[in-house]
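Got a structure for you, written out below as structure tokens; questions coming shortly.
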């Protein structure tokens, strides 16, 4: 029996199995069509090569789409955080921008972003630039199963697409916070569209699309950025810095006598809702980046992510208490985010105590960074440059220090992506400034963008 | 035997393991009880017929309950959207109504709704009416596995129940928004209970319960409504229209000189939170309607759902900007929802570019529809009739245009369900009006329902 | 051949499949490394003993981490509920406390909580006390698979850790609500740290860590608390009672003439958001406590949880309407939570109608309990003692009445845990009171903790 079995080729064996195990199925299918029949047809149709671990594929794919939904809810987190930390007269504007960003981010990703992010063999400049067109029918090539990515990708084409699409809009959302309260809406809408469609996807292709960052040292010294400390958060932070430098601070923020006027946010509950939702969604952002439901790394990533955030919150609370003499809620909230950005590059590659250390250092960095940028008159209402830009650098380098990545490659990757993001964003912003202006008038800024741009107010408490 | 085994290579070992495992399990169970033992007992107990694809069943069932949780959070989305788009003096009332709706919706669904929605062989008028009693022990008939629904349903009886139960309250929630700010609480509580318990479930039985809509053309031309553009959203929208027509507009909304007084919402952040949560929950609403974790359709449905929403947001932003001369946040938010309703009937049956087109058209429709209903003095504070009713029609017909469904059957389904919803809701509302009144007094309306009905205020910012 | 196969029994067939399928894998692995290869290596490496049901393990582990994320979002629910039901002048303080609690809760759980909660063989006083050190590499002992917990635990070590870690901070969060608006921040931060690190984990070890409550009657009459009506919610409620008794009521709450001044919450939308998020997260809290993706219990637990909450909401609405003469939103919201706490001990052990009855009784209890505690001048701004403490008792005993648990053991468990929580919390609070004070000054309380403790305001609506 044993001998006989060994002689049989895989496909035949599989056929036999199918007959044996599922012999009942065809007959049943005639009576009653349902998911099992469809599922078994898939198994059979896929042939021997892709037969193994079908259920592993299915559960991995399920996780991928759930993770996509979790990353989606981060956009609500960004929207409420940004709204909470700014003035109530600009709230409609901020919410509007965030509806725009997620909408245009998803659509452009289908139209050209996905294939530019992953140029595969369609690079115009190999390893550096590959702008390509719309997605096709991603379920086409046996795409319901291993057919799409082969055994190296436990998700369907649409799973791959929707998870990455949810990431794409993030870069623009980070900028949105930094330029809030004085940017011209129409300019921002054009800026964010181009940034998401081309800027983010080109930079991302260098690492995740198989570009030059993924082949450093012939691949042996490849740049390592698990879920995007650099290629998502750092990109957004560096783009924000360029935009803010060109845009200038909010009116009255920095007086001529050198004093800094605090412009406080209008709703701390809204800000806190935002940060907790971001934390929640980050389980999809990092956890989904395992790219399968492999239980070992999945549990580790959830744990390092949560503990880095917690350590960032604690260190930020303590250090800001010392520096600012008060237990500051904004800093506590930014500390959680700092911890999250700091672990994003290495969530699968460090121990839990390294994760806590990385998060705690991120929580300290963010406090000093926010104070520093305010001192040099870079006016970032929500601290986005510090949270995403500065902690993005730290998180990326930390994988070289703790997680076994090549530290030099990490440096190269940070510099490559940050410089590109800064230049791309800056050039785009300067062009927009020349062509149509990027800033509202001083009167409009004083009146608030809600009235001047939208003719709506965010709150109406006196209506009877 | 043991010696022999040691010599065998891994694969064969694994084979033997499989034999051993399924054989040894009872013995192991004695030593150590745990989920595997229980699981394997289930596999054995189910016998040959249901043995295949056990893990597929398990992962599909997991997705079903997660999707149920996602649909649940849509109720928070509805509550905050409705509260945000109305006046602050009616906020307690709105939140209260939504607590009531989800509570009574779940309980009535257990008491009679589920078995009325799925009458199986207990129709009183076959294909049209089958009002039945409470659910029993849905795990009874080998219900932990394929035993409940056979190979055609990859979920347990409780999975089936809880997912559908979360849908049930939606119809009443849609009406809640349309009648807000002037409806009498006690009347609404009775109305919503009967609507959810009988109206929604009867209409739903025509399609999902195997009723006449599912057998059009002998089943070959069956009405197609994947996740409920018509049988959930359209039902709610049509019911809302009847209710609003009987109830009349809010005082002062339409002046005698023909002018329309805008009554603006009190909190756009609350409204935006609502829409983003609805978008988030819709991944469960549509994704869960795959009714399994089958990776092919699951990825497609997530993608079409997200892209239709995004396209609806964009088209609504652009068209309302042209029509209203301002970038309107309410319209942007309604555009996202319009896109979602528009794709709900065909999320699994169209390409991603068809999905975007369907969503974009929905986003245009909703803008003109809201303006139209306001012109004809149908006062719908949140635009529910337009979002759910009008886009529900569009979404359903669109599956006939793009998705291969029979267009005539789609028409018949829309007319059947909308007319029934309109008549059921209208008759119920007229009876309540005659018996106990459906509207608060003008003084109460002016004072606000929070004080007049609840003796509470939603906000208290001056307390020290 | 076909005939031969037909004769084979099910298990052998499985064996053949295993040979066929896994035989091809090594060859493939050389070509293309990916999750499947890693996954199959795991399967092989784990050896015969742990080979079965790998996919069941994977899907169960996925559910565990998703459930952890759902429990995480409960912390946002607690934060917003507590903020909403209190005055706006204390909102920053409340949000800050909640950032602290989740952060320190996660970190202490890694440093000592987990190994104290589950002392395994490292008890100092067997069955009663086992304080132990930090977690190590929980993926070490073949921890990616059944290696960590054997066949009795369908999750990895990190899955186990992160799910339990999310529970841990809950106890402190419950206290946070009860002591709101007058507690000194620094004292609360120390208190909550010790309560979470030692108090909760020690009490939990008695039941979930294999301690004395799990061995009552030699294990035959073991205390039964499925997801923690007593060991989580009851613990928090009893700890809160001790804290409130020592702390005293808010200034002016109880006048000398015996009258009670209502101090109303500042934002009912925030409170409602909190309760709906708690309801949402409870699907992870109870559903995750199935500790696997076993479809039978999973569907049942989701159903009983939702229906108990709904019944609690309805009964609370009706009874409070009768008692208070008004439909009270706070009571409606607390009714949902009361239903949830009431089902938590027995969610897997009762029928759906028993679940509704348990929830409905919880909803009644919470109304009278809140009124009662107010009468005896226990000032609990959010009703935490009633919701978590009182309904925790009811839910635990109800499993003895309806769910087949030993009623005497349930009594013993309640008394044991509640007395311990009360004494631990009280002693800790008294020490803190003596050493550094636990209450802000009357001026600070009057001014609000936001200004006096943080120098920040939660809302700034007049900024231009």
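Order as written gives the chain letters A, B and C; numbering starts at 1 within each chain.
Rule of thumb we're sticking to: a residue touches a chain if its C-beta (ideal position, glycine included) is under 8 Å from a C-beta of that chain, and two chains touch if they have at least 3 such contacts.
From a predicted model like this one, the values you see are computed outputs, not experimental measurements.
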Query = Do chain B and chain C face each other with the same patch, meaning over half of the contact numbers show up on both, or with different patches?
reply = different
Remark   = The assertion on chain A/chain C checks that the Cα superposition rotation, as a multiple of 5 degrees, is 120
Key: Interchain centroid distance [CA atoms averaged], chain B/chain C, Å   = 29
Note = Two or more other chains are touched by the chain B residues 12, 48, 51, 55, 57, 59, 62, 66, 267, 273, 459
Key: List of chain B residues in touch with chain A within their complex   = 12, 48-49, 51-53, 55-57, 59-60, 62-63, 66, 70, 87-89, 146, 149-154, 263-269, 272-273, 275-277, 279-280, 283-284, 287, 291-296, 298-300, 302-303, 306-307, 309-311, 313-314, 317, 326-330, 332-333, 336, 351-353, 356, 446, 448, 459
Ask   = Which positions of chain A touch chain B when the two form their complex?
value = 2, 21-22, 24-25, 28, 32-40, 42, 54-55, 57-59, 61-62, 64-66, 68-69, 72-73, 75-76, 79-80, 83, 91-92, 95-96, 98-100, 102-107, 110, 134-135, 137-139, 143-145, 155-159, 161-162, 165-166, 185, 267, 270, 273, 453-461, 463-464
